[in-house]
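Two complexes come next, and they have one chain in common, chain A, joined by chain B in the first and chain C in the second.
On to the complex of A and B.
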């Protein structure tokens, strides 16, 4: 990512540290840094979240729901009754020296593509007849639509359709990377999950005028909004960095410079792998790959559990503040 | 009833239905301020880890993040100035910063103009001659836009430059004032800005009282000019006390954190 230099001594220190399972900041190989998340902090959006990993990485993710035409695939005729999700990631030059001017274009593009790919991984995986029998929660979710293909990351896109064949909700997910401290992709997906959980869109009512004419009415009632259907099925990802013969999670900027190969594993709460992405120039052995996928899966599941608990706790605090007639307290950038 | 409060903050960006007149009753403005009242300003420095200096500033609902890198080696040889440093300003707006989602190109004329104004206001104030053949980068990012972008940019830049330890002669404090409904008004928000109001942005050096930047939009009678300018200058001085407080608090905080030398 950003162009930084590393000395042979630092490189050696990190290599030996990873080998000995003690990293520069005292963590073990499988330890995450402290992640703080706050939702609902950008007032002009439908949903938003700020993710900060202790030691640097800081980003804002916003979700904005807008009404637009449906996107129909001209060949298959697919998509006439589906909403859309459009992702874009922007790295701000203030985050890193290498992102000045056009310098961030490649990174922006790479991150947007990864995000779009993970989010568009079919929710056919959230299938009640899934072979993954080890997760009982998967079978206890009959409400999810196992047959719908091309769904976005478990989000039920057909629920975002307003008038089939004409209008739908388009969810624009915009992420702004404000500060760089390593492990951007994991933070990005955590932020997206949190922002989607925060998102509320107005209800729409379909009206039929006869002779095939439809129109809809937007319910302007701010007390009666709907949440995004299927949001709990969204995956997050865990990025494993191969350093030497071992791999670590949540790499710091210096550790990312030593990384030979990186594997990003997207996993949903049922422990199903929703996407894989290997990057950087190094190679890895197939046996290590399988081991990495396995541990990425376990870590991801644990992480989703923690994340959801955090999001729920915040939503509960906000609600109780509103019950008392006070606006929910948001710290934003004043959080220490 | 309960949830209505929740959405209130989201709706506050848009003008309430039927209240398109600038002034409500009792001479209060659309957001409940008096004509000579500033919006609430909150700021904090050192918010980013990578930049040499950074600041986050909230001016009412306008929110901005400023980062400063440098003084450092000039990145492009063509920018070398032998007797002083080169100041580079980049300005951008988040796609979610306005009520309507829009992605702006890096070459948006209006954005380049704002960057140019910021550069011009800081060039005489930063002691550029003590950093010859080097470069100072200023990156500005609007997170939420509710009017008075230029003033917020300048105020945030002042804080970020000070946080980076760049030598400066003085603070640069900026404020807007305009003429609404036969009355001068301080610090316009986006609703007040939108309706062809005459608006003046002034950047002041509080110590010397010199004006570093002056920009006006729409027309204003020449007799009213002085009154508006005076009001904006008063606003700048008020902003100066707020910014000064932030810098001093930060310095005291750092002093406390330092291990006392025995």
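On to the complex of A and C.
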């Protein structure tokens, strides 16, 4: 069906429904739809996850670890001992009518940048109170350089460095959006977290030749893989859509069309705000903005807890299957 | 806040896939998948198990004695499928019935559509078909008298009747030579939709019935478009003789849609989606059964897959009871 079209009567019905706390599909303002998630379904990647929100949204997130040269900031000399994370999001043209031809380019760029901003911000450890006090006009956080802590959204980038000044692990996070049913950003970050949790990279061993020359050796043993350090500190997103004087989570496509202003709040498991992104033309009162950030934080924390429980449960099942010498049971593309 | 994170299940599972414990879980049973998609519950076809599944580009037969039907083409004297679906044979005619198709209309069908474009003397309407349907300015009731001739001023103010994005219910009147549908709204039953919400299901699930306009007993109106687009709205008493023609094109919802009305509308919408999820035919009786079955669950649980399956199963049982 044509996206981006809605009739005035539907708009009014959704608006008043949000006001009355009865949304078109019977949810209340703070209710999420069911999310189905499966990890480790693409064997060519270091880690992968497929996330589906009941009602449409469907995406595939993969993490690919490759060895590449370190990226050194020519001014500050920063980054010589750090790995990198590179994000890219692509929308499948057949998923939505608006994404045909060049239509998806803008969405791809926007989503890739939001993701990069959230994941590469070194400010994962921003004190939550200081964000509250920040001016409401600073609605989008500029992509900041990694802080001295060396963390990228909680991930310890220095652990990804192999030979300081020369080689490091580069984590390519690629997302493919297969179907659109609203609330893509939240699903994207859930998928990223699940995929990073699924990721294992080989251990490397540094060898020194004496005259300042280094080389490294990859350990082939699959038993000797390591997980990404600091992964549990990665943030996820809660997107709040302001409709009328209220706001809702997990908007459906029609609700997204009625949305006046949208606030995406990236939160880590400690409830700390790791990023804010405001989109759409509408505006919001400073008091509402603070309220939205506050509820984004509590929701995000709860969301991470439940997501982690799901990821851990799946990992445990997979492990027990492996112990029995059987391949883990995955539905992959045969899933409903 | 509670969010349900689920593991995926196999398509068309019916609870079977999740309960299977055998080692060959990965080779999925295609007859299960297709039996579900091909034939809505209650249909007796394909019980012999001889299902021939094809994907686009797959050769069906190289025997030249067969004729090509829908969903097939001939390439290098071989009959090749152009869609993913199930092969059907009637004597020498071979066709492939696709698993998922767009709406293909017939004259007289009641459809729900969304205006996508306003052009010279006509509107383009999305009806889930292969191309947009066309609603001519001459095929609508103009305000100020049913039999009024259209004037140039009407042409200039077409957007006051229907605007891009508006939802309409119309009847399929004729086909254009290129296969596009021509619609009309020349009855007070048809026209702009208000006071409710829109849902979409597979077109094959809506059967042709005597009437597609239903006022259900719980106080919810439903319009079942044969194209799979369904409009669920608050009950509006209709007296076809006294409708003000000016009101037909109004964008205003009625003022007094209460929270209870909204809950009922949402419940009916979710029941219809539950039936669609379980690939059951959708008509007013089944919707009522599903609604009754749904009353034991709180409204916000109705978006859960599991609850939907339970509701649809209960509705199917009620239908079986009715048949005796």
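For the reader, a short list of remarks on this structure follows.
One rule holds in what follows: the second predicted complex is superposed on the first by the 306 of 336 C-alpha atoms of A that agree within 3 Å, B and C clash if a C-alpha of one lies under 4 Å from a C-alpha of the other, contacts with A are read in each partner's own complex, and residues count from 1 in each chain.
As a convention for this text, a residue touches a chain if its C-beta (ideal position, glycine included) is under 8 Å from a C-beta of that chain, and two chains touch if they have at least 3 such contacts.
All of these numbers come straight from a predicted model, not from anything done at the bench.
Model built by superposing both complexes on chain A: chain B and chain C clash. Counting residues of chain A touched by each partner, chain B versus chain C, the larger count belongs to C.
Touch criterion met: A:42 reaches chain B, while chain C stays clear of it.
After overlaying the two complexes on the shared chain, residue contacts for A:62 are found with chain B alone; chain C is out of touch.
In the superposition on chain A, A:203 contacts neither chain B nor chain C. When both complexes are overlaid on chain A, the residue A:334 reaches chain B and chain C alike.
Contact with chain B, but none with chain C, is seen for A:176 once the two complexes are overlaid on the shared chain.
Stretch 57-65 is the one of chain C that runs into chain B, the other listed stretches 57-65, 165-173, 183-191 or 219-227 having no clashing C-alpha atoms. Common to the chain B-facing and chain C-facing surfaces of chain A are residues 55, 326-327, 334.
Against chain A, the residues of chain C that register as touching in their complex are 1-13, 17, 23, 25-26, 28, 114-116, 126, 128, 163-167, 192-198, 200, 251-253, 257, 259, 262-263, 265-267, 269-270, 299-300, 302-305.
Interface residues of chain B facing chain A in the complex, by the touch rule stated above, are 1-13, 42, 44, 47-51, 54, 56, 61, 65-67, 69, 75, 90, 92, 94-99, 101, 103, 106, 137, 139, 141, 143-144. Residue ranges on chain A touching chain C, taken from their complex, read 1-2, 5-10, 12-14, 16-17, 20-28, 30-38, 50, 52, 54-55, 254, 298-299, 302-303, 306-307, 309-310, 314, 326-327, 329-331, 334-336.
If you check the complex, the residues on chain A that touch chain B are 42-45, 48, 55-56, 58, 60, 62, 64, 66, 88, 90, 92-97, 100-102, 172, 174, 176, 178-181, 222-223, 318, 322-323, 325-328, 333-334.
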